[in-house]
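Next, two complexes with chain A in common: one pairs it with chain B, the other with chain C.
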Partner chain A sequence: MSLVATEADFQRAGFFDWRWIPRALGLGVLAFIIFGPLVNLLLWTVAERWYFPHALPLQYGFSYWGRVFAPRAEAMSSLFTSLLIGCLVVALSLVLAIPAGYALARLKLPFRSIVLLALLLPNAFPNLPIYVNIARLFYQIGLNGTVLGVVLVHTTHGLVYAVWIGTAAFSAIEPELEEAARSAGASAMRAFFDVMLPLAAPGLMASAIFVFLDSLDEFTGTFFVGAPDVTTLPLLLYTAGAGGNYQIASITALILLVPSIAFMFVVERFLRADVLAKVGQ
Partner chain B sequence: MRRHLPGLLLVAPALAIILFLFVVPLVGAFVGAFQTNAGFGFGNFVKTYQLYSRDIVFTILIVALSAILTAAFSVAIGGYLTLGSNRLAIVLLRWLYRWPLFIPFIVVGQILRTFLAKNGLMNNIFVASGVVSPLHTFGMLDWRGVVIAFVWKQVPFVTLLLAGAMASLDRGTIEAARNLGASRLRILIEIVLPQAAPTLMVGLTLSIVTMMSVLSVPLMIASQSPTVITVDMAFRINAYGDYGVANALGLISLVLTGTVAWFYLRQTMREAAR
Partner chain C sequence: MNMLESRYPAVSETSGKISGRAAAPAFLEVDGATVRYGNVHVLEDLSLSVAKGEFVALLGSSGCGKTTLLRTIAGFMQPVSGRIAVDGRDVTRQPPDKRGMALVFQTYALWPHMTVAQNIGYGLKLRRKPRTEIAAKVAEMQTLLGLEGLGGRKPAALSGGQRQRVALGRALAIGPDILLLDEPLSNLDARIRLTVRHEISALQKRLGITAIHVTHDREEAMVMADRIVILNAGKIAQLGTPQEVYNNPASPFVAAFMGAENVMALTAEVRGGKIGIEAGPTNRACEISCGDRSVSSGRLEARFRSEAAELLDAAASPPVSGEALILDGTVAQASYPGGVWRHVVKIGDQQVVVDSSRAFASGESVSVRVPSEALFLFDGGVSDAKGMAL
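Take a look at the complex of A and B:
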C-alpha cells in the first residue's frame, strides 16, 4: 500500500473525479456537432408540419414516406437507376480489376508502381474539369445522358479501390498454394478459378462494396454526364432540396446514409488485416 | 518483352479506361482552356479574371481555412486518443469521431443546410434554450456553412490516418518525457506531432483535393456570390455552354491543387534527403 493516493483510490473511496467535467463537456460538444445535424435529418423525415420558430416539428407522420415509396414515384425509379448503375459499375470494375490485380500481384510487370499510381490519378486531381470534358466528349459520341455513360464515369473513379484492394487480396495468398495446384496437374486457368479466386473472394467483396458505395454516392459526374436524363438518388436529393421539399430530400438522404453507416461497422470484418497491410504495395 | 506480355495484357483494359476517361479529358481541359472563338489565346483567362477573380481568392481562403481547422481538430482528437489517461473517455471518443467518415457529401450538404439555416434546428435549439432571441437568429448558409461542412466531413478522415500514425510511434520517448514531468500538451507538440507530421500532411493534401472537387456542398449551402469556383464551372456549362471559361477555371483549380501537392512532395524529398 503506497502512501500516495492514486486516481483509482479516490474513486474507490467515493471521491468524484473532477477531470470528468472537462471530459464530459468536450465529448458533449463533439456529440452535439456530430449528431445534431443527423438528428435534424431524422426529424425532417417524419415531420408533417415544421416551421419557425418551433424547435421541434408540430406534427409527426409518415405521409412523405408513402409518397417516396409509391410504386410510380420518382424516388423509386431513381432508386432503381442508382442500384442498376451501382451493380453495373461493380461488375465492370471487377472484370477489369481481377485480371489486373492478379497480374500486379503475381506476374512480372515492368513499371509496376507506375501502373498502380496511374489508377490513383482520377482521385488525385480535382475531378470537375475532367467531368466537364468527359461530358463534352460523350456528347459527341452519343453517350451523354445514358446509363452506360454514367457507368463508365463511376468506374473510372472507383477502379482504384477495385484494383488496389484486389491486388492486395491476391498478394496475401501464399504462392505455394497456386504452385501446389499447378504441380498436381491443374492448368493455369483451373488453378486460378479453383484456388486463387475463392481465396481472394473476401478481399474482392470488400473492394466491390467500396466501389458500389462510391457509385451510389457519386454526384458530380452524374450531374454532368447523366442529368437530366439519368436521375440517380443523389440527383433526386439535390433537385428535391433545391425545390424546398426537405422531407423528400431528407428521406432520400437517409436511404443513402444507411448503407454507408452500416458499411463502416462491417468493413473491418471483410478487410482482413493481412490484406489491408498490402494495399498500395 | 515477351516475358512481360501476359501481365501487360491483363492490366491493359484497366489502363485503357484511365487513358480514355482520365488522361484524354485532362488534355481536353488544357487545350480547351486556351481555345476561343478566335483561335488559341488567353481570351478565356482574361474573361475568367474579370468575372471570377473574387471567387478564386474566395476559394483559396475557404479551402485554406478548412484545412487549418481540420488539422487543429484532428491533432486534438488524435492527440487525446494517443495520450489520454482515461480509458472510458478514449473509447467514447474513438466511437464518436468516426461517424461522418462514410457519410456522402451530398447528404452532408442536405443535413447541414437544414441544420445551419436561420430557421434550422441549431437556431431552434438556441432559441428554445434562451441563448438567442428569435429576432437574433443567425443563418450560416454562406462561406461559414461550406467551411463547417468541409471540416465536419474531413476531420474523421484525417484523424483516422493521424491517430494510426501516432499509435505506431515509439512509446519509450513519450514515457520518458512523462517521467521527466513534461505536460501532455507539451509531449503532443514537441514529441508526437513532429513525428506524425508527414502523415498529417498526406491527409491534408488529400483533403484539399477533395474540397476542390466537391460540387454538391457549395451548390447546396452557398450558391450565391461570392462562391467557390466549382459552382462557377457548373454555372458556365449549364447556363452558357461556355467550355472555354469553364476549362480556364478548371485549369486554375488544377494548378492550385498542383501547387499544394508540389509543396508536399518537395517537403518529403527534403526529409528523405536528410
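Take a look at the complex of A and C:
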C-alpha cells in the first residue's frame, strides 16, 4: 500500500473521466435505436386514443386486446394458421433434413459442398421474382391459396437451416459411437435411431426452432402463394398496418415477437459450440 | 458367474494347451487380406489364424496397419481381396453386427446419453432378452468389473479407468465369440494400466474368449498375449509366442522392436555348424555355434539388448567360459535409471548401451561381452539399421 496517491488513483476514486461522455452518448443512441421502436410498439398495444401532436397516448386500455382475442376474431384464426403452417414446415424440413444431414455428414458423397451450397440458393436470390414465378406455377397445379402451397414455399426457405445445422449436428458425433452400436449388434438403422438421433437431437431441435421462427415471420412468399385464402399473422399485420389500425398491428407484432425471443434463449442453450463449429463444413 | 461360464463351455481344454504354432484348428482365419485406403495399401496379402480361446496381440508402431487389421476383422473395413472366416463361416461380406464379435475402442466410445447400466445392457436389449435377464447380466458385469453402484451414472461422471471397464463390460455382456481390443489401455494412467492388463487377461482366460488385442506397447503384448503378431508396413514381420519373438527374432526389425537396439557390423565365415567371426577394428575374433540361426558367410548385422551384455574392465582378462562376442570401446556416459547402471559405450564410431551392476567412469576403456545366446545375427550390413531402430 502506497501512501502517495497518483493521478490515476484520483480518477478511479470518483473523479469524472471525460472520455466516457462520447461512449455514453453512443450507447444511448444504440439503446434508443433498439428499444425505441419496441417501446413505441408496446405503447401502441395499450393506447386507446393517441394522435398528433401528443407525445404519449391520451387514453390507455385493453379494449383492442379484447378485439384481437375475441373468439371469432381474424387474429385468432390467423395465429392458428401461422402455428399450423409453422409446425408442418418444421415436420417437413426435419423429415428431409435428418436423412440429408446424416448423409452429408457421414457418407462419402460426390459434390457434397455443391449440395450444401444449392440449399442456400432460395435465400441468395431476390425473393420477389422467385415467389411470383412460384405463384404462377402453383396456380397452374392448384396449390395457390392452400396451406400446403404455403408450407412448401416456407420449407424451401427454411431447409437451409435444417440441413446445414442438421449436418453439423451429425458431424459433431464421433463415428466410433455409431460403430460401437454396430459392434454391439445393432443394424445400421437401429444404430441410427438409438445412438445418432438422440445425440444429434439438440442440434436438430435448434434447427427446428430456426425453421419455425422463419416460417412464423415469412411474409413475401405467403403473400404471393397464400393470400387471400390463407392468412397468417404477418399478412394480418400488413393489412392492419396498411389500414392505419396501429393497435391491432402492434398487438399482432407483439404476438410474433414473443415466441422469437423465447425460442432464441432455447436455441442458445441447445446449440453447443462443437455443433456450431461444424456448420457449413 | 455361472451364466458366464456356461456361455463358454470348452474353456478349460482350449486355453490349457495353446502352442506357438496354433496347432488347434483355426477359429478366426484371415486369409490373404489386402486392404487399401485410396491408393495406399495398408495391409498386403496378410494371413493369420487364431485358435479358439487364444489371446493374440497385434504389435507394431503407429501406421503399421494393426488397427486396420482389427477393423477389417470387425467388419468396419472391407478388404479388396482375401477372406475372413469365423469358425469356418465366411464373414468377409457380413456387416459388423452379424459377426459375433465385440470391439472395445481406444476412446471407449461409451454412449453419453445412456447410463452405465444402459451402455452395458444395450447389446442384450437388441437381442430382445427379457428385462430381468438383462438386469441380472448387467449386475453380473458390474460385479465382475468392480463397477458396483455406478449403474445409474452417465459416462461423463466416471473416471478413465471406470469408463474403460464399462467399455469392456459392454463388449463382454453380449457373450461375443471374439473380443477385439483396440489399444484399450493407452488412455489410462501408467499405474492403472498395469493392473488392468492383468485383469483383462485373467478375465479372458476365465471366460475362454478368443481375443485380439492391438497395442504398440511391447511389454503389454508380452504380458497379456499367448501369441504376438508383429506387424511392419502392412505385413507380418513375425508371429510366435512371446518367448519366441523375444529370443529368436526373425529379422533385424523384430529384434530392434523387441528391444535389441544395439547394432554392430561384423564379418563372419560359416562352416560346420559354427560361425567364425573375424576380428575387426573393434571386435575380437570368436567362434559361435549356429544353433537356431540361419546366416551365411559375409557381412552380418549383430544386435543385442543392453541388459543382456556384460561390461568388463579392458585390462582384466575376459572370462573364457562360454561363447561370446567381445567388443572393445570406451565409456562415454553413465547414468543410473534404477537397479543397474546404464552406460553409453563408444565402439569405433558407433555407440551401444550396456547395463552393468557397477558404475564405470566416463572415458574408461572397457570390453563389452555379448554371450552367444543374447546375440542376434542377421545377413547383410547395418545400412538400414537406423531406420529399423524405433
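The working rule: the second predicted complex is superposed on the first by the 266 of 281 C-alpha atoms of A that agree within 3 Å, B and C clash if a C-alpha of one lies under 4 Å from a C-alpha of the other, contacts with A are read in each partner's own complex, and residues count from 1 in each chain.
Everything below uses one rule, namely that a contact is a pair of C-beta atoms (placed from the backbone, for glycine too) under 8 Å apart; a residue touches a chain by one contact, two chains touch by 3 or more.
These figures come from a predicted structure and were not determined experimentally.
Participant: Which partner does A:Pro126 reach: the first (chain B), the second (chain C), both, or neither?
Facilitator: Once the two structures are laid over each other on A, A:Pro126 reaches chain B alone.
Participant: Could you look at A:Glu174 and tell me whether it touches chain B, chain C, both or neither (first, second, both, neither)?
Facilitator: The second partner, chain C, only.
Participant: Tell me which partner A:Ser183 touches in the superposition: chain B (first), chain C (second), both or neither.
Facilitator: It touches chain C, and chain B stays clear.
Participant: In the superposed arrangement, does A:Asn245 touch chain B (first), chain C (second), both or neither?
Facilitator: A:Asn245 sits against neither chain B nor chain C.
Participant: Does the superposition put A:Leu257 against chain B (first), chain C (second), both, or neither?
Facilitator: Only chain B is touched by A:Leu257; chain C is not.
Participant: Using the superposition on chain A described above, determine whether A:Thr146 touches chain B (first), chain C (second), both, or neither.
Facilitator: In the superposition, A:Thr146 contacts neither chain B nor chain C.
Participant: Counting touched residues of chain A, say whether chain B or chain C comes out ahead.
Facilitator: B
Participant: Going by the contact rule at the top, pick out the chain A residues touching chain C in the complex.
Facilitator: 174, 176-177, 179-188, 190, 194-195, 198-199
Participant: Applying the document's contact rule, which stretches of chain C touch chain A when the two form their complex?
Facilitator: Touching chain A: residues 74-76, 95-97, 101-103, 105, 107, 109-113, 122-123, 126-127, 170-171, 174 of chain C.
Participant: Sort out for me which residues of chain A touch chain B in the complex.
Facilitator: Per the touch definition, chain A meets chain B at residues 19, 23, 27, 30-31, 33-41, 43-44, 51-56, 95-97, 99-100, 102-104, 107-110, 115, 118-119, 121-137, 152-153, 155-156, 159, 163, 213, 216-217, 219-220, 223-224, 234, 237-238, 241-242, 246, 249-250, 253, 256-257, 260-261, 263-264.
Participant: Write out the stretch or stretches of chain B touching chain A in their complex.
Facilitator: Residues in contact with chain A: 3-4, 6-8, 10-11, 13-15, 17-18, 21-26, 28-29, 32, 86, 89, 92-93, 96-107, 109-115, 118-122, 124-125, 127-128, 134, 137, 152, 209, 212-216, 219-220, 230, 233-234, 237, 243, 246-247, 249-251, 253-254, 257, 261.
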